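Presented sequentially are two complexes of subunit A, the first with subunit B as partner and the second with subunit C.
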Partner chain A sequence: MLRRTLLLGLCRGPLGRGLGTHRGGSILDRDGKMSEIKKKIQSILPGGDWNPLYDTSHLPPESSDVVIVGGGVLGLSVAYWLKKLEKPRGAIRVLVVERDHTYSRASTVLSVGGIRQQFSVPENVQLSLFSIDFLRNINEYLAVADDPPLDIQFNPSGYLLLASEKGAAIMENNVKVQRQEGAKVCLMSPEQLRNKFPWINTEGVALASYGMEHEGWFDPWCLLQGLRRKVQSMGVLFCHGEVTRFMSSSNLMKTASGEEVNLKRIHEVHVKIDQSLEYQPVECAIVINAAGAWSGQVAELAGIGKGPPGTLQGTKLPVELRKRYVYLWHCPQGPGLETPFVIDPSGTYFRREGLGHNYLGGCSPTEEEEPDPGNLEVDHDFFQDRVWPPLAQRVPAFETLKVRSAWAGYYDYNTFDQNGVVGPHPLVINMYFATGFSGHGLQQAPAVGRAVAEMVLEGHFQTINLSSFLFSRFYSGEKVQEHNII
Partner chain B sequence: NWSRLREDWRKIEEESLHLVAPVWNGGTRGIGGLSRVVAPEGNQKKGRSLLQFLADRFYDVEALRDHLLRKRVSKVHQKNRPFNHINQRYGPYVAGAYFILKQGGAVRFQGREWIRPNQRGHFSLDFLKLQAVPVEAVDASGCAINYQGLDSLLALKELQSLWLQRCPHVDDWCLSRLHPLASSLQELSLAGCPRVSERGLACLHHLWNLRRLDISDLPAVSSPGLTRILVEEMLPSCEVLGADWAQGLKLGPEEQPRDTAGPIPA
Partner chain C sequence: MLKIIIPTAMLMPMTWLSKPSMIWINSTTYSFLISLVSLSYLNQLGDNSLNLSLLFFSDSLSAPLLVLTTWLLPLMLMASQSHLSKETLARKKLYITMLIILQLLLIMTFTATELIMFYILFEATLIPTLIIITRWGNQTERLNAGLYFLFYTLVGSLPLLVALLYIQNTTGTLNFLIIQYWAKPISATWSNIFLWLACMMAFMVKMPLYGLHLWLPKAHVEAPIAGSMVLAAVLLKLGGYGMMRITILLNPTTNQMAYPFMMLSLWGMIMTSSICLRQTDLKSLIAYSSVSHMALVIVAVLIQTPWSYMGATALMIAHGLTSSVLFCLANSNYERIHSRTMILARGLQTILPLMAAWWLLASLANLALPPTINLIAELFVVVASFSWSNMTITLMGTNIIITALYTLYMLITTQRGKYTHHIKNINPSFTRENALMTLHLLPLFLLSLNPKIVLGPIY
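Entry: the complex of A and B
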């Protein structure tokens, strides 16, 4: 009301009518200056975003309750569940800091997108079962008013794990554990395998486990965009910047047994803006480390691992960057529509891509052959030497394949036991981890996000008990070894 | 004016529930994955109406619209609830038959005639005494059966023929659940289901006893002709009724459409 009368007052000068209603040029609208002045006045009036000193719209807010370092699928999943489980609505302010808004090196979008329940650790099976449930009902969870529904392009073709003589007993054990948790997996003999998939060469295969339901692959980019859209509609703020520093304070406390521990608390997160020297100190209560392959570096910034080795203070977060290659090839005589995600005993894997006889696949290198993770260049010799021979041996039709393209991505590889790290750090009490999943983070992201949100809001895990995935196992040495890591 | 508002409500609800994300960049997607989240501009404009305008500006209207949408979704869930008490008392065959009849479909027991509900949805309860007679054929065309509702169908171990034509909530996830019926199912019809795509058709290879499969008129399948060929290769002993294999092939002005006797060998 006030604004309109002021504007009318301004224009009521010589012409006597509002701007925009004249036909020809007016004396006042010379060089478009009038519209500029109008815009400036509108921003000065209450409700506009006028800052007399300088523009800070590109900076993150000065304070936020939770700061999530890393905007990949795990970070966004934690943000989503924090906003979904908070009471009352709108209670928690969440800020997601992501330094690469094109996600060009993020593990999420470079992943092959598979989801399976065929793990050896029961918690992994439970996480994956909840995640597939989430993906099936994704339009109920991530619905945003007025936006079209998501189509994650899920292929329910299942996983086929092959085992040699040595691994057959372990596979049987694993299948028993998986079935107990509710996964639909069946065991097949080489004879049954040949009947079902005539294109497989069952030489050297003693047993196979085939996931009948809830397994397959989907489009991770769509899940990421869906989460991003929903999380923005719930009021989470995004910032394109990099976390460069944590300001924390320490407290010397005594445990119940009289031992002295130095507990740290992070007070501020310094977020440096992209391509600039500007940084903003963000006051926060809780920091969530979901930086994926770079989580180790973020943990070092917080002082985790700075201490004499062998103590809790000296235990680093053992998450490292590891480079993995994925190759896309074309083979017109290759297996047909029924091809599941096949994993050879040698570690080579492949799956069908689309309808045109294209296949995606790769292999995890051994410790000695680990490529240098400094860049994302693809080594095509690796395919010739390490991926193609086992593939051609397992599926004879693949002897005549032609590689169409390839790319590389990072694993947030947990060198300790290749399973995720979830929950708070015992000494830096307000840093929570959601990282280190070594290649199966995408498929467990919805469930892990919920677990971390429960930990933050309630203080303990409520639905899935992930206490064996806490940080303290790195100090106590209790490995939760996952055998079925690709 | 009220009738126009009601029309707008119904249009919005239908769009939110039945809309399949349109395949508008066609063919296989690139490796980085083009997002299929955003629909083309035309759809957005159609949705804008008086209702949207009000919902953008008033919290009450927004809450009311969300409430009606949730009620619509919960109505489908309610229709698909399992009839556990009937299952315990009369057995899985009768419970499955009751479920289908309640949804508006038809059932045929072994050696009997088809049982269908009448215009008003009423059906006779004579079949309650057929506890030991297996159900051979189910016609669930047009029914609101979904992933949960398939629980009742999967208990029918001797089911030979299943028709799921034009079911709005049958999608790829539902197809992946059909494998327990592999030993008995001989005929399956998915014609006209808006949410079934070639990815769900890929998991039909579990049904090794299948002799007739109808996959015609599936709007979510990206290349119907090619999909039909691949499904025929996947299920060699099954007769597949689907799109014409030449559909999608671009013919020059001089060429005539060829005789559609069989698929081109790969």
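Entry: the complex of A and C
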């Protein structure tokens, strides 16, 4: 017995056997622990690949005061205004979480880039008026020391909305509202239209409204990069990851009228790093949902909409992805440099792109022919069937156009009333929305960012009153219907 | 003395052997009992000391600090319950054990007779604090904070070891009771100047002196609540206590050598108070206010007059309780809102009125409202420094004004105004939190009825 133990100890002891080999079981290694320990020692020794001080620079910080989900133009605008309006400088720590640094599917950069004040809702007009002021003075707002000034290539060519007989009265009303808010719009009869724009075919047009100032189009990518640069210089942290989870705590409270509500607050955001299983829990005080077309999914993560339908808990955020196509064509006989952004009564639109007789345009499909938003593939038949005929009818020169390229982008489409959602959620009290603008988010981004920042910092809207854009309208049913949606 | 040390040491097995539901209750109650026992040491005999054994003694300077230390342990345990609730049982017990070990070392430090033993325990208190900061702190910056904390103190105190050994060699003893009577005046030679520096730098770093204060905001902000409380309330006072003990050996060199440190403290007082006005992080504001108050203590100890010593002792106790309660209040905010930024959590008075009352009392104590001991202490120091040099009154006066400014700024930003939308559903104040604040503020305000307890051996 003793001899056998001695033999085992001398010949087949763990170190005598050579690291890593394991044949049967020895008395010393009955439950596999010894080989685990050996493996660990082997990895610690120089040459192994275990490093006790692992690098966490790719992870977001462990805590941040404000987490902005989505790094598009709305998210960056909110970050910019939060840092600009905070009273002691450097008070708030802001983290912007964006899962695609190339912005390949973001609505901002795939946008046509127009800006107009011709809306039917007065708040929309005010938002656009401030935004154009921001864009005109962009180098005063977004200047960064030692960096070249921004050139957003704003073409102030104006918008031309055409109305048929049926829509003429509504258009007059809208123009009155716009003029009250301070937009410079003029109404044109078909005669005046033909005089000013000889390339237009005014058949079926009863009235047209033409924006004379502060309307046109610009380069959204430049605005995005300018905001990004400025916001980074102001100390906002960026994180390349995806928000996968919200940890929240809830409290049962009683309202003034005695009914019981469950108020939730999100205290932690789990940010998953791209192409990895790693995630970082970020402790936060405020979450801003600026995820654009995917805001609905982010809202569901926070538990918005989980409840019996018809109640406030069960009211979902009605923002979903809608795919829209944009086509670029070349037409040497087309309208000249004075061409505004033309919107046909049928919903087709086009604008001049550059100085080489290129034009951008498209059309919003009806509810029945909504394309599948699963991918960003372009349907060229849509152009042939739905976009070209009205275009050719309105502008006869476009009968001989040649499509150069096309792309598709997402609208963060608000199925309720196609207007944005701004402000806090009544039940998840520290989630603020800045989304759902259904195609006019880019042009209103600077003003909406300021409004959300005021809401976060002060508790109420100070400059532009967007209280009709709050989430609670989805529950109470008060639509803020925008009629001039492209 | 053993009747305090052995129960404190036995708190550790009690924590490990308690049932999971009873760990907090047991440790808090028994540490309370120990603090009530230590109150008996406040019964001091005039300007002589209570010599308990060859190793431990307590006099009117160390007795209030001892009581403060033992009083703080149950309060630290009460404050830590919430943020440790999600940890595993073993971790909770480990945390409590760290606090108890720290407590034990601090008790022995404040009552040590041998200066070498004092030194060893002084250094040993760094270890549990470092473990608490780096393991249970909140952010990644805590590693940096722990490093700063450790190395500032270590580098400052290494010369102290050399100096103490030298004094042991020349004087033959380092027993504090004997050395009081054997201390000979030292001339102002270069080697004595270095001896002075070696002795004092450790405590200057600990206080901290304005130029060496970089570790303090980091350590305070990154530490968990119990770490912040013990750092602000007790560990800083180790520096003051050590300075008051060791200056006995260093006369009359102190009269010349003190000048640069006096300048740094007087200027630093105003600088750190002004920094408080621009702070956006609540804990950082309270940390800088600690530097400002401790600068007053440095000024007082370096002047070495009876009034200034009384002021220094009283200020140490008053500041200990005040900044500890401010940290607890800041923590109660942080636990609800998960952010330490002041402007994100405003108008709390309408939502948590009782907590607003504690905020008000703590702020009033911080700005040295009469008749709190904060005022008595500050007044003594200001008057003593005026007699040392008339010019200091301008700086001291400016500091008092700026202290009032930033304290009221902190109070008004967090409590008054309209509350922000996202704090509507915060939990109401727990009884534990209210008890915590009461137990801090009650001794503070009761001491104003009988301040001679904390006025030190000169009274």
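Operating definition for what follows: the second predicted complex is superposed on the first by the 434 of 486 C-alpha atoms of A that agree within 3 Å, B and C clash if a C-alpha of one lies under 4 Å from a C-alpha of the other, contacts with A are read in each partner's own complex, and residues count from 1 in each chain.
Keep in mind that, in the parts below, a contact is a pair of C-beta atoms (placed from the backbone, for glycine too) under 8 Å apart; a residue touches a chain by one contact, two chains touch by 3 or more.
Keep in mind that this is a model prediction, so the values were computed, not measured.
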Report task. Answer with clash or fit: subunit B and subunit C placed together on subunit A by superposition. Result -> fit
Requested in this report: Give one of first, second, both or neither to describe whether A:P309 is in contact with subunit B, with subunit C, with both, or with none.
Outcome: neither
Query raised in the report: Looking at the overlay, what does A:P61 touch: subunit B (first), subunit C (second), both, or neither?
Result: second
Query raised in the report: With the two structures laid over each other on chain A, which partner does A:Q225 touch: subunit B (first), subunit C (second), both, or neither?
Result: first
Query raised in the report: Taking the superposition as given, does A:A91 touch the first partner, subunit B, the second, subunit C, both, or neither?
Result: second
Query raised in the report: subunit B or subunit C: which reaches more residues on subunit A?
Result: B
Requested in this report: Scan A:S405 for contacts with subunit B and subunit C and give back first, second, both or neither.
Outcome: first
Query - First, second, both or neither for A:P332, with subunit B first and subunit C second - result: first
Query raised in the report: What is the contact status of A:V109 with respect to subunit B (first) and subunit C (second): first, second, both, or neither?
Result: first
Report summary line: Superposed, subunit B and subunit C have a smallest C-alpha gap in Å of 17
Report task. Residue by residue on subunit A, keep only those touching subunit B in one complex and subunit C in the other, then list them. Result -> none
Query raised in the report: What part of subunit A is in contact with subunit B in the complex they form?
Result: 109, 136, 140, 143, 145-151, 153-158, 212-214, 216, 219-222, 225-226, 229, 328, 332-333, 336-338, 352-356, 358, 405, 407
Query raised in the report: In their shared complex, at which residues does subunit A touch subunit C?
Result: 56, 61-63, 65, 86-88, 90-93, 250-251, 253, 263-265, 267-268, 283-286, 424, 429-430, 455-457, 459
Query raised in the report: Contact residues on subunit C for subunit A in the complex?
Result: 138-140, 278, 280, 337-339, 341-345, 418-422, 424-427
Query raised in the report: Which residues, counting only subunit B, touch subunit A once they are in their complex?
Result: 16, 19-21, 28-29, 31-39, 43, 47, 52, 55, 62, 65-66, 73, 147, 172-173, 175-177, 179, 198-203, 205-206, 222-223, 226-227, 230-231, 233-234, 266
